[in-house]
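Letters A, B, C, D and E name the chains as they come in the text, with residue numbers starting at 1 for each one.
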Amino acid sequence: MHSEPEQPISPANNAYTLGPMQAGPVCCDPQPLIQVDNFSLHYGVKPALANITLDIYRGCITALIGPSGCGKTSFLSSINRLTDLIPGCRITGRIRIEGNDIHDPSLNVQALRRQIGMVFQKPTPFPLSIHRNIELPLHEHGITRRAHTGAIIRQVLQDVGLWDEVHDRLDAPALSLSGGQQQRLCIARALALNPQILLMDEPCSALDPIASGVVEDLISRLRGRYTIVIVTHNLAQARRIANYAAFFWVRGHVGRLVEFGHCRQIFESPAHELTAAYVNGARG
Amino acid sequence: ASQKLVLTGASTIAPLAGEIARRFEAFHAGTRIDVQTGGSARGINDARKGIADIGMVSRALKPEEKDLRAHTIALDGVGIILHASNPVAVLSTQQIAGIYTGKILNWKIVGGRDAPVTVVNKAEGRSTLELFLSYFKLKNSDIKPQVIIGDNAQGIKTVAGNPNAISYVSIGAAEYEITHGTPIKLLPLNGVAASVINIRNGTFPLSRPLNLVTREVPQGLVRDFIEFTRSEQVHDLVEAQYFVPISVR
Amino acid sequence: MPEAVSMKLAHVHRDRLAQLAVCLAAFVVCAAFAWIVGDLVRGGLGHLSWGFLVDSPRDAGRAGGIGPILVSTLLILLVALMAALPLGWATAALLAEYVSANSGFGYAVRYSLQVLAGVPSIVFGLFGNAFFSIYLGMGFSILSGGLTLACMLLPILVSTAEAGLRAVPDSYRLSAAALGMSRATTLFRLLLPAAAPALAAGLLLGIGRAIAETAALLFTSGYVDRMPGSLLDSGRSLAIHIFDLSMNVSGGDTPAHASVLVLIAVLLFINMVAMRLTARWQHGKMVPE
Amino acid sequence: MDKLILRLLCGGAGIAATLVLLILLFLAVESWPALRHIPAGRFLTDPSWSPGENMYNLAPMLSGTLYAAGGALLVAAPLGIASALFVAYYAPPRVAGIYRRLIELLAGIPSVVYGFWGLTTLVPLINQLHPPGASLLAGILVLTLMILPTIALTAHAALLAVPAEYLRGAAALGMSRWGMIRGVALPTARPGIVAGIMLAAGRAIGETMAVLMVTGNVVRHADSLFDPVRTLAANIALEMAYAMNDHRAALFVSGLTLMLMVMALSGVAGWLARNRHA
Amino acid sequence: MHSEPEQPISPANNAYTLGPMQAGPVCCDPQPLIQVDNFSLHYGVKPALANITLDIYRGCITALIGPSGCGKTSFLSSINRLTDLIPGCRITGRIRIEGNDIHDPSLNVQALRRQIGMVFQKPTPFPLSIHRNIELPLHEHGITRRAHTGAIIRQVLQDVGLWDEVHDRLDAPALSLSGGQQQRLCIARALALNPQILLMDEPCSALDPIASGVVEDLISRLRGRYTIVIVTHNLAQARRIANYAAFFWVRGHVGRLVEFGHCRQIFESPAHELTAAYVNGARG
C-alpha cells in the first residue's frame, strides 16, 4: 500500500534520487499520464477555459503559468473533479488518466481523488491535531490499523521534513503551526494517501521567502515519485523547478492554452510572442 | 388512571369553580379538574364543540342556546364601581348612560372632582357587557370608552389604579376585592345597594344566574361534579366569593 | 487657504457634535435600562424566597409561589426543543452543504423560513390553536403549546446553524473533497464540530426566545396554574403567569415583580452562556493563519 | 450512506418549508367563513368593530398598528443606529463590551415584562400628564424599548462586517471619525442596517402582549398620542378567547392580514437586498 | 494647496524628472526626512519591534525587507500613527518628520496622516464609485470646489496611468476594477491629498505579474516627487526599485533592524551575515 518507512523511495518505481535541483526533463519519463483533450469549462453561462489540449508526463513537474484569472486554478481542479463542487460548473471535452476518462459515470470520484493529491494556495489544515489531520483521510479510506497509520504518518512527515520539528507534539492543534509548516503538513496529508499525482495551486505564495524556499525544495525532491502539476505566479520558481511549462492567457474573456513545452524552451525561446512578452515583461 | 374534567368560560365563575374543584378533588382521589377563563361566550362555544366538558356562563341561556343544558350554581349581579377616593356616591341611570355614551366627560358634572372620566368597558363577548348594555338599553357601538378590558379582575385592577375611572363588574368579584383591601367602591343602582343581600332577596335589578352548561345530560364524573357544585357542601365557598348560593333562596 | 482652514474647523465641530449625539443616545438607552431594571428589582426582590420558587400559587397567584409554573415552562420548552432541534439542524445542514442558494428547492426553503421568522407570535398562537389544539385534538395542553413554540423556534435554529456552518471556511470542504472524503464524513467529522459553538449559541438563543414567549401560548397551552400531570394537561408558562398577575389580579403586582425577576435571571444566565460560546467561537476563528 | 443522509435532510427541510404553507392554509381555512359571509370591503367600511352587532371594521386597528409601529420605528431607529455606532467606534473597548451586553440583555427581555413595566410605571406616569394613560404614546414607548435592541444589534453586526481595511484606509487618509463613519462605514453597512430596521418593523407590527397591556385597546382612530388604540395583534389576543363563528373567523382575518403585512415587508427587504446586488 | 493640473511636478520642489528606472541614490536627496530614534513597539505585553534607529531620506525609495512577522507592517504604520487604532499598542522612542516629533500631543493626527499617503497590501478602495473614492478624502480635508476636485482627480488618475482606462466610467463602482487597477486607484487616492511621504505595504503582492509590473513602474516614476517607504517580500523588486534597503529580522521573538544601507550594498555586499543569508538564500 505504502512504501516502507525506512526506504522512502523505492528504486524500482523510478530512477530519481534526491539530488540538487535541476530543470529540464532529465529525470522524468516522457510518457503521458494525464491526457487533456479539447477540454472546455463554463461557470454557468460564463466560459472560463476553452479548448485545452495538452499531455502531462509521468513523474515530471509541469508548471502552469499565466496572468490572474486565466483559469489555472479551474484547470487544476478539473483534474480531480473538484469542480463538481461548484454549482453550475459544466465541462466538455475529455480528460484521461492512464487512458481512463475521469468523467466516466461508472467511475468512483472518491477513489479518483484519492489518487490525486491536492495542495492549495492557502495552507488548509483541518482544525484538528497534527496527527488527526493525516489520520482522518486514512480512516476514511479504510486504513484504520493503528500501527499502520502511525507508520504512514511518520513516513510522510519525514518526507516533508516536518518530523523533526513536530514529532514531540503531534497532538498539538495543526493551526498552531507556522504558515510554512502548515503547508508542509498539507502536502504530507496528501502524500499519506499515496497518490499518483500531486496538484499544487500556488503552494508558496502565502509563505514568506524562507518557508517558501523550504517548500520549493521539497517539491523538487518529490519529482519522479509523483507526477506534479503546479500553478505559480513566480516565474523564477517555475524556471527553477519545472520540467514542462504551460502558458495560459485570457482571450475574449476565456482562458486558453497559448503554449506548452519544455520549461527551458518556454522561458528561453518561446514560440509565441505572448509568451515572450509575458516571461520577459512580467516582473512578478 | 386519573379522570380529568376541563371547565372553560366566564371569568366571573372561574375563581369559584377553581375553589370548588380543589375541594372536589380532595374528595375524589385521582380526579383532576382544570379551570380556564375566557368569557361566557367561550363557555358556550367550548361546551358545544366538546373542547371543554363543562362551560361556565355567567348569565341565563339565550333562546338560540337551548341546545345546551344549564345548571345554575349561584346568583350574582353586575355593579358599577368607582375608585374608593372618588367623592361621587350615587349616579342615576341617565348619568351612567351619559357617561358611557360620552355625553358626560367630567366628574364635575355629576358632582365630583374636576377631572376627566376614564370610561372602562368590557370587550365583546363578555356576558357582563351584554347584561350592562341591555339594562341601560345601549348598543356597544354607542359607548365611548377609554380603556377596554377582558376579565372582571382586569376591570377592578384598572379602576383601583385610576382614581377617575368607572367600570362595571361582577358584584361578587367586587365585594371580594373590597374586603381584601382593594380601593374601589360599588355604587347603588336605582337606589338599591349593590350587595349580596339585595341579590339574594331579588331587589337588585341587575342580577343574573351563574350557570354551568353541558352539551348532554351529565353523566359520570361530570354529573358528580355538577351535583357537588350545587350541594350544601360548597355553600361556604360560594359565600366566600360573595355570590348567592342557589338552594338558600 | 483661509477657506480650507475654516472648513477644517467646521469639520472638527461636526466631529464633536456627532460624538456628543452618539454618546447622548447611548446614555439615554442606559438610563432607560437602569430605570426598568431598578423598578423591577425594587418591586420584587423582597418577595423572592425559596418557598416562592417551589410552592403552588394560591389565591389566584397573590400568595404561594410559582413551582408548577416553572415545571410547565420547562416541559413546554422541552417539547419545543425536541421537535425543533432535529428539524432545524437538518434543514441548516441541507441549506449550507447540499443545495446551492439559487436552486429552486433551496430558495423555497430559505424563503419560507424567512417568512416564518417574521410571522408574529400571535399568528403562531392562532395557528397552534386551530391546528394542534383543535384539528389534531390536543386541546389546551403543554404538547400543543410546545409544538407551536417549535414552529416559532425553527427559523432561529436554522439561521444560526446555517450561519455557523457557512462560517466554516470553504477550504475545509475543498481539501476534504480533494482527499477523497465523503460528504457525510466531512459534515459530521469536520463541519459540524467546527460549527458546534454556533449551534449551541443558536440553541440557547432559541431557549431564551421560547421562555419569553406569551402570545403563542395563550391559546395553545392554556393557563391552568397547577402542577401538570402529563403533557396533555394544560400548563401555565412563566410569561403567561406574569401577564395574568399584572392584568387580572389586583394586588398581584408584587408576585408579578418577583416572577419577572426569576424570568430575567433565567434569561440572563442563558444569555451569558450563549455569549461565552459565541466568544469562544469567534476566538476559535481567529487562530492565526 | 451519503444518499440516505441527503434524503433525511431533505425530509427535514421539506417539513420546515411546508410549515409556512400549513400556517397560511389554516389561517385561510379558519378565515373562510368570514370571507364568505362578509364582503371584503366591509372590513374597511363597516361603521365600527362590533362583532356582537355584526360590524367588522378593521381599519381603526390597522391605523393603530401602523401608528404604533411607525412611531416606535421613528424613535428607535436613530437611537439604535447611534447605539451601534457608539459600540463600534466611540466607546472604549471595555465600555463597548458592557454596553453591547446590556443591549443584548434588553433584546432578551420578554415582551410581557416590557408590558408589565409599561403598565405599572409608564401608564400611571402618562395618566398624570394626560388621562387615561393607556395610550398610543405608551404603546410607542414600550415598542421602542422592544425593537431598539434589534436595530442596534443588526446595525452593529453590519458595521462589524465593514472590512477593517476600509477604516484603516480612511484613517490613513487623515479622515476624521465622523467623516469615516458617514463617508465609508454607513454607506457600506447600509443594506444590513436597512434589513435590521425591516426586521424591527415586522416585530413592531406583530407585537402583542406588551401593546395589549398598555394601549387601552379602544377600537378607534387615534387623534393624538394620548388616545387609546387597539392593534390588530392585540385585538386577536383580547377577543380570541371567547370568539365564535364569524367573530372568530374575523379574528383569523386579522391574523391573515398581519401575516400578509409581514410577508410584504420581508418581500420589500428581499427586493432591496437583491437590488443592491444587481 | 495642490499643484496645478497642467504642471504635475513643480521643478522648484525637487529636481527629479520622470525617466527610466534606476537603482542607487542617484536621483534623490540624501537628507533625512524621517528620523527614527530608538523606536520600540509593543502589542499589549508582546514586544513587536525593539530599538529601531534609522533615517529615511527625502525623495528616495526605501525598501523594508525581512521574513514574515518581523514587524515591517508595524514599523510602517507607526510612521503615520495608524498603530493608534490598535488597542493596546504602545510605543517608546521617537519618530521625527522634518524634525517634528510625531507623538507630540499638540500635533493634529489627521493633518499628519494627510501628509503621509499609505497603500496597503490588499487593494482597499471604498465600495463607492471611482470618482467618489478620491473625492471623499478631498472633501474631508476641505477641498470641496467642484472644479478643483475634478482637476485633482484627473491629475492623479493620469499620474497613476488610470485615466485612459477609466475616464469614461468614473461613476462605476471602484470594486468593479481589476486588482491592479484598484491598487493604482488607491495610490491615486493617496496622491490626491498631495502628501510628502508614501508608505506602501507590499503593494504588488496581491497582483498578478502584469499588474504588478505596471504598479512597480509607477512607483519608480514617483521617485523624487515623494519620499517612499515600501515593504516587499520580493527581493528582486526591492533591488529593481529601491535606493535604500532596511533588513529586519526576528530575534528573541522581537523584530529588530539588522542592517540598513544603500540597496546595492545590502544586496551585493551585506555587512551582516544574516542579511547575506537572507538575500542569497531566500527564493521568494
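Note that in this section a residue touches a chain if its C-beta (ideal position, glycine included) is under 8 Å from a C-beta of that chain, and two chains touch if they have at least 3 such contacts.
Given the structure is predicted, the values throughout are model-derived calculations rather than measurements.
Engineer: Shared touching chains for chain A and chain D?
Structural biologist: Where chain A and chain D share a partner, that partner set is C, E.
Engineer: Of the chains present, which has its C-alpha mean closest to the combined C-alpha mean?
Structural biologist: That would be chain C.
Engineer: Could you let me know which interface, D-E or B-C, is made of more C-beta pairs in contact?
Structural biologist: Answer by contact count: D-E.
Engineer: Could you put a whole-Å number on the gap between the CA centroids of chain A and chain B?
Structural biologist: Here chain A and chain B have centroids separated by 84 Å.
Engineer: Any idea how many Å lie between the Cα centroids of chain C and chain D?
Structural biologist: Averaging C-alpha atoms per chain gives centres 16 Å apart.
Engineer: Averaging only over C-alpha atoms, locate the centres of chain A and chain C and give their separation in whole Å.
Structural biologist: Once rounded, the distance between the two centres reads 47 Å.
Engineer: Pull out every residue in chain C that's touching 2 or more other chains.
Structural biologist: Touching at least two other chains: 11, 182, 247.
Engineer: Quick check: what residues of chain B touch more than one other chain, meaning two or more?
Structural biologist: Chain B, residues with two or more chain partners: 150.
Engineer: Mind pulling the residue numbers of chain D that touch at least two other chains?
Structural biologist: Residue numbers touching two or more other chains: 176, 179, 241.
Engineer: Sort out for me which residues of chain E touch chain A in the complex.
Structural biologist: The touching residues are 67-69, 179, 204, 207-213, 216, 233-237, 240, 278, 281-284.
Engineer: In the complex formed with chain D, which residues of chain E make contact?
Structural biologist: Contact set of chain E toward chain D: 80, 82, 85, 87, 109-118, 120, 122, 124, 126-128, 136-137, 139-141, 186, 189-190, 193.
Engineer: In the complex, go through chain D and note every residue touching chain E.
Structural biologist: 93, 163, 165-176, 179, 183-184, 187-188
Engineer: Can you name the residues of chain D that touch chain B in the complex?
Structural biologist: The contact residues of chain D facing chain B are 47-48, 50-53, 55, 124, 127, 131-134, 216-219, 228, 230, 238-239, 241-244, 247.
Engineer: Touching residues of chain C toward chain D in the complex: what are they?
Structural biologist: Against chain D, the touching part of chain C is residues 11-12, 14-15, 18-19, 21-26, 28-30, 32-33, 35-36, 39-40, 43, 86-88, 90-91, 93-95, 98, 105, 108-109, 111-116, 118-127, 129-131, 135, 151, 154, 158, 182-184, 187, 208, 211-215, 218-219, 239-240, 242-243, 246-247, 253, 256, 260, 263-264, 267-268, 270-271, 275.
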